[in-house]
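After this come two complexes, each holding subunit A, first together with subunit B and then together with subunit C.
Let's look at the complex of A and B:
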């Protein structure tokens, strides 16, 4: 029968080996909790908000999160044949954008190819359409990995509803302990997810492991606003408006309180850059969006 | 338990996933067992369930598989 934690993993020894020197106390938003409590609480947050996640994103960011994600995709600029691992990708926003992007790149590729074959017969043109019809993504693939079952459920339903099936798969897994083989993926993304990972260093190490040499790490996350006036306005909006929206729209003040607090607790741009470098990535850089409300960090495995 | 009865309506695993998936603990390959709709790590003797077509690849969700004689693959309680 299935029991939790069946395997006798010596948790203490594991943590010591992983260098969890900072003691058992961690932050959950502005609260102090143990590592285990933090994981549990975060799981519960997303379990609760899963069904309203997209609606809340639109309300809180006035739809701007869509632009941020579009920018991420343009920065990635994937070509057909790319293998993407989208971690903490629950409801599929990045995955769907990826599929749309490679599909349109592929379309243009095919059109250019056809234009060059000026002397083909109708029969030949027809056959080339048939052949490529079954490869509209050019062998591109995206694997969405998330630790939360409810978020994945929502994502899968969205995919069905929007007609995404080809080149897309879903895995329940932990960013700190990925169930993927070494050097398999061309790109690794984590959008608005790394903030909720308890051991960011482990997640970055795992990201490095699963990427092919030459592969790219991309992280889209809330970050720090340095401009003092903007920072005040942002704080005001975050602490006064967002939890209220959370209560009104999702019936859940506490989860959104956690959200705004966790943003404040998350390392700022330079610190995250250093952590990414520590994991072995090269050419680590970041781009601020909206004055640092959000930042995209990028690194390469060489 | 009772996972065996659920496999009637269980969605199949996306075949391309088997190229990438490994055990999160040992990072070693897995075997897909169609009868129980699980991914088996023979070395560690554990099985990860596939629920609604989504493989559940966290160690907490795995169950021990017992060494059984090569007769029927009956579900262990």
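Let's look at the complex of A and C:
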């Protein structure tokens, strides 16, 4: 609820720890802006890149982002009946993977059930097929929430194009103030989105609020590379190649410059872990992918 | 920065008291760790049941100021279902409870994350809580094995007490071993269909240290209650022999389809008898050998003279 968000305003200590000024000054890439300006600028960035978002992801990461998202899904290991909230999930990558995963798990479940039922009459077999045809997802659902209308539009078009219809909802909402009731979801994911949230602590508190007891928080995000050689190569690639790709493919140098700078400004793995613990999550852990280029943070509401 | 660090330290002290103790032991699997968990939960039971959740967490971190309470949404204040239980226990204890609840779903789902998810559901937690554990069900199996070993220990202790009080006869060694192994194997019967899967998971390289330590501590327990006080090579040979008997009997039980597992118990009877004969034979051979040597020495002395 909102009063809880107000109570947590003494997060000045949090911001001071992150080395930001106590006022409404925030970073936008390497620039300094106010909170409101930051929100607006980020909204504009994603409005412009929405149409070419997926193409750019593929070209910037050489397609490896698909592997990262698959790893996230395997880590989640959802069983049928899970309610997933995918925040900042604009174009639906995580949502589609979730549906595929749950569908295949459900298939295996049904096959196992049938194997156990030897000696069924034809009538019973017919009935079991009828029942399960309408339950191929096993009551699992995913809600895709994004603050940006354009990204949601692209996502809906993709869903239609790829043929995903059931178990999917699209909601316009702000990660710092989710339009959902308390304790509704089993899993909350935010893939490559938390970097763009202006008040990360609020987003984490909202995540805590909407999760059921026992629910899981998963965050896939670019993080800090500790290996110095790799870090130099990574910086070279980020600052020299990516904005150029942005200009060539999407016609937008500045958005991709912002993207690369925002990765550098984002707190490193341990700090994000501490912030997640502060929000009340237990068993918080992170897994580095590709030596820290990307990290998956996981926490439970216990 | 200092304030934030202190707040986090306070939080950890409060909620991590039992966790820290458990973190110093090896993970949940080994018998030693589960003994520690019971101590923690016994302590909680001794505290007055009427205490509210707030009272509880103020008392343990002695000398900690109330204003060190963490801010924002927190389990102890909301007092909702599964979260309230977190006040009285650590994460390890909650995991323990989830695994215990998951055991009843094993015959249907096997030793998998699905069984754990169903178990979590019965406790009022989300199915995502199964993510606390490995997806291959290792923790569930190790938990089950450790629980069975604990039950066996308690059973043997009770029997020993009866013998000490004079209410029961002291069993001969072979009968004692037979009964102990049979009692332990009978605990597998409800899960017998899925047990081969469990055995294969226990043999994964990741799980071998834990499963081996559980096995050896169980065998050690049985010999201890059998009255073994050897301090020489016998200590090792006895345990090795009993481990062999236990493992082979377990395997026989996997593919036994006789009513009431009669074939398995007969197999067990024969193996224990073999082991007894073997030890008798060994001592006989030793004494015969000594006699032969003495005879030869005597002959040599006679001849030399």
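In this text, the second predicted complex is superposed on the first by the 281 of 302 C-alpha atoms of A that agree within 3 Å, B and C clash if a C-alpha of one lies under 4 Å from a C-alpha of the other, contacts with A are read in each partner's own complex, and residues count from 1 in each chain.
Here is the rule we use: contacts are C-beta pairs under 8 Å (C-beta built on N, C-alpha and C of every residue); 3 or more make two chains touch, one makes a residue touch a chain.
Fair warning: this is a prediction, and the values are worked out from it, not measured in the lab.
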item: Touching partner for A:282 - first (subunit B), second (subunit C), both, neither; value: second
item: Touching partner for A:205 - first (subunit B), second (subunit C), both, neither; value: second
item: First (subunit B), second (subunit C), both or neither touched by A:79; value: second
item: First, second, both or neither for A:214, with subunit B first and subunit C second; value: second
item: Which partner, subunit B or subunit C, touches more subunit A residues; value: C
item: First, second, both or neither for A:274, with subunit B first and subunit C second; value: second
item: Which superposed partner A:180 touches (first subunit B, second subunit C, both, neither); value: first
item: Contacts of A:232 with subunit B and subunit C, given as first, second, both or neither; value: neither
item: Which superposed partner A:298 touches (first subunit B, second subunit C, both, neither); value: second
item: On subunit A, positions contacted by subunit B and by subunit C; value: 4, 7
item: Residue ranges of subunit A touching subunit C (in the complex, touch as defined); value: 4, 7-8, 10, 13-14, 16-17, 75-79, 81-82, 109, 183, 186-187, 205, 208-209, 211-216, 274, 277-280, 282-283, 298, 300-302
item: Subunit A contact footprint on subunit C (complex, rising order); value: 1, 3-4, 7-8, 11, 15, 70-75, 80-83, 86, 91, 94, 113-114, 117, 120, 123-132, 135
item: Subunit B residues within the subunit A interface of the complex; value: 1, 3, 14, 16-17, 19-25, 27, 29, 44, 46, 48-49, 51-64, 76-77
item: Touching residues (chain side subunit A, partner subunit B) in the complex; value: 1-7, 9, 141, 143, 147, 149, 152-153, 156, 169-174, 177-182, 184-185
